[in-house]
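Accompanying notes for the structure given below.
Note that the chains take the letters A, B and C in the order they are written out, and that residue 1 is the start of every chain.
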Amino acid sequence: MEFEMERFISALFDRSPPHAVEHLQLVLIPLTIAFIIAFPTAVLLTRRRFIKYTDRVMTFFNMGQTIPPLAVIAIFFPFLGLGRTPALFALTIYALLPIARNTLAGLKGVPQDVKEAARGMGMSEWEMLFKVEIPLSMPVVMAGVKISVVLTSGTAALGALVGGGGMGAVIFAGIDFFRAELIIAGTLIIGVIAIVLDRLLTVIDNILTPPHMKT
Amino acid sequence: MIKLDKVDKVFPGTTVPAVDQVSFQVDEGNICVFVGPSGCGKTTILRMINRLVEPTGGDIYIKGQKVSDKGVNPDYLRREIGYVIQQIGLMPHRTIEQNVALVPRLLKWPEDKIKPRVKHLLEMVGLEPDEVAQKYPHQLSGGMMQRVGVARALAADPPIMLMDEPFGAVDPIVRGRLQDEFLRLQKEMKKTICFVTHDINEAIKMGDHIVIMNKGRLVQHGTPMEILSNPADEFVKDLIGSDREIKLLELTRSEEIVEHTDEIPEVVNKKDCFIQAIDPVQRALETMMKKDSDLVGVRDGESFIGTISWEDIKKHINRISGDQA
Amino acid sequence: MELFGGSTGWFAGFYDEYLGFVSFIIRRWDQVIEYTFNHFSLVLTVMFFSLVLWISVGLLISRYEKLANTAFGIGNILFVIPSISLFGIFITIPMLGLGRTSAALALILYAMMPMVRNVYRGIKSVEWPIIEAGRGMGMSPLQILFQIQIPMAWPVIFAGIRVTVVMITGIATVATYIGERNLGRFIHHGIARESADMIIAGAVLVSIIAVLLDFILGKIEFKITSPGLRREQDQN
C-alpha cells in the first residue's frame, strides 16, 4: 500500500472539514429526533396502561436494527429522492432501538423498594416518574444514547450513497480511486466525531446523574 | 479420622494469617462444628481439608494419610468427600436427578446403579423422587434445594462430609426441621462431619464436638457441655450469649439431677405435675411455672423415679456454670 | 386483471407504484439466486472462521482476566470504524485487493465484538457457588469448563452468534462496493441507475432474509436452552 503523507494531510485538512460538518449534522439531527421519539415512548411503555404494548413496539424498533443499514438507507431514496432527507430518515430509525431499549431497562431497573418508599411518602405517579424513576435510570439511558452515537456516526458514512454528504463522500472517493489516504482520513474523522460526542455525553450524564450514583 | 497439625493459611497479598497454627482432631462418626464470627477462618479450614485451599504451613491428615502428599490428586480426593455449601450451588441447567448423580458419574459408576441410588437418596432426605427427579432447581423451594444439596453430597456414600452453613439459606422453622432430620440420618450413617456455622445455637444442637474460632485462631474446643459450662474467655462467653444457663438446662436430661424417691409427694400428685426422665431440665422448669409448683415429679415411662425441686435446679446451674453465685 | 378492477383499476395503480419490485425480482430471478448464493457463502465463510477464532478468544480472556480489557478495547475500536472504511482499507492492501478475502477479513473483524463479548459474559455469568460446588465435588477444571461453564453460558453464546449472523448478513451488503456480487448489488446499482424497483427489490430481499434469520435463530436459541435456565432468561 502506497501511503503518501502529503495526500493524507491534504485529505484530512483541506478536503474533509466541510464533510465533517455535514457528518456531524447527519449524526446529531437523527439522534435528537430518535431521542424525542424513543425516550417518551419507552417511558410510556413502562406505565401500567401501556405495558401490554411493550413487546409489539419493541419488535418494531428491533426491526430497525435487524434490517441491514444499507437497506434502511436505500429504501427511503425512491420515495424521498436524492439528498439529505432519506439519509436523515434512515439514520433516525437506526438510532431508535438502543435508546428505547436502555430507557426501558433503566426504568425497570429502579429498585422496587425505592418506588414503594416514594409512593409511601405520597408522591403521585408523575412526581415519582420525574423525581425518582427518570433520575435514577439516567446512567442507563445515557449509555443507550452513547451506543446510538457510535452506531449512527458509523452508519452515516453510507449517507453519501444517496447524496446525503458527510464523511462517506471522502471514503467512497478513496475506494473509487484506491486511495488509502482518503479512507483513513475519513475514518479518523468519524472516529473523532464519535469520541467527542461520547465524551460530551459523559459530561451531560455527570450533570444529570444523582451524586450518590457516580462512581 | 481427620487431623490438623499446626495448620497455617496466609492468603496472597495479606500479612495477617486467615488461619493461625490450628491443631485438632475429629473422631470417626462425630460431628465437629466450627463456630465463630465471619472471617474467623472456619470456612478456610473446611476448604483446606478437601484442598480447595492449600495451607501455607502445617499438615492435614485423613485416616493417617497426608492430603498434601504428591500421590493425592485433589480432584479424586474431593470425590471421596461430601461437600455442602450454603449457596447450595445446584447446576441450574441440569435436572435434580442429574445433579444428585453428579459425583457417581464422575466416579464412572454404571448407569443401572445410579438411578436406584438417586431414588434412594432423594427418599432419604425426605423428597418424593417421582415428583422432583425430573424438575430443575428453580422449580424447588429453598428448603427442598437444601435437601437436594445434602443428597448430592451423600451420593457416592463418602465417609467424610464437609458442610459449610448447609442450612443457612432457609427460614428458622425450616432450618430447625432440616437439622432434626439430619441428626436422625446421622444416627444411622455415622459419617465423620465437619460443620461450619456462625450460629452458636446450631453448633450446640448439631455438634458432638465444638471448635470455637476467632481471628484465625482456635479459641476453645470441647463438647457443647464443656464449652457452655466452662467458657475459656470473654470472647467465648459473648459468643454463647447471656442465656448460657438456659442453654445448659436444654443440654441436661432431667434424670441426671433427679432426687430418687419412691413416694410421690402429695403436691405433685394434686397438681398433676410430671415430666419424663429424658426431658431436658428446661422442661422441668417450664412445668413448674405452668402448674405453679416448686416440685416436679419425674417418670421413666410409666414408673415414678423421683422429684426435682426448684432448689435442685438452682444448685445444678451453679455447679455446671462454674459461677460461685 | 379484470378481477382487480381492470388494468386501470386501483390495484394496477398500486402495483405499478409500489410493487414494481416484485416483477423486477421475478424478471431477474436467476440473478437473485446467484446473489443470494454469493451472499450466504460469504456469511458462512465468515461465521466459520469467527466461531473458531472468537469463541477461543472469548474462552481465553474469561480465564486470563488481564487480556479481557485489551480484547474489548480492540473490539470497541473496530466497532467504531464504519464498515465501508474497513472494506476500503483492506482493498488498498496490495496482497488482498478487491475481492472476497478483503470482504471476509473485514467481516471477521466485525464479528469480534458481539462474539467475544457474549462468550465472556456467558462464562462470567456462571455464579461462583456453582463452580465452587463443582470443584468441591471433585470436577477437574476441564470438566467444570465443559460440563458447567459452557453449557450454562451456551444460551448467551448462542445469542451472540445470532446477533453476529444477522449483523454480518447486513454488513455484507456493503461489500458490493468492493466487488462482491451479492444482494447489496441491487441496491448499489439501483442507486446508480436511480431505479426504484431495483433498490426496493434489493432492500426488501436483504431485509426479509435478515428478519427471517433472526427469527429462525431465535427459535433455535429457545430450543437449545436448558429448561432449567429458561426462567432466569425470562426475568432479564
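By our rule, a residue touches a chain if its C-beta (ideal position, glycine included) is under 8 Å from a C-beta of that chain, and two chains touch if they have at least 3 such contacts.
Predicted model, so just to flag it, every value in this text is computed and none were measured.
Q: With centres defined by CA atoms only, which chain is the most remote from subunit B?
A: Greatest centre separation from subunit B goes to chain A.
Q: Which chain has its C-alpha centre closest to the mean of all protein C-alpha atoms shown?
A: C
Q: If you average the CA atoms of subunit A and of subunit C, how many Å lie between those two points?
A: 21
Q: Can you check how far apart subunit A and subunit B are, centre to centre, with Cα atoms defining each centre and the answer in Å?
A: 59
Q: CA centre of subunit B versus CA centre of subunit C: separation in Å?
A: The mean C-alpha positions of subunit B and subunit C differ by 55 Å.
Q: Touching subunit A in the complex: which residues of subunit C?
A: For this pair, the touching residues of subunit C are 79-85, 87-89, 91-94, 166, 169-171, 173-174, 177-178, 184, 187, 190-191, 196, 199-200, 202-204, 206-207, 210-211, 214.
Q: Touching residues of subunit C toward subunit B in the complex: what are they?
A: For subunit C paired with subunit B, touching residues are 127-140, 143, 148, 151-152, 226-229, 231-232.
Q: Can you name the residues of subunit A that touch subunit C in the complex?
A: 1, 63, 66-72, 74-75, 77-78, 150, 153-158, 161-162, 168, 171-172, 174-175, 178-180, 183-184, 186-187, 190-191, 194-195
Q: Provide the residue numbers of subunit B that touch subunit C in the complex, in ascending order.
A: Counting only subunit B, the residues touching subunit C are 50, 52, 74-80, 83, 85, 87-95, 102-103, 106, 136-138, 152-153, 162.
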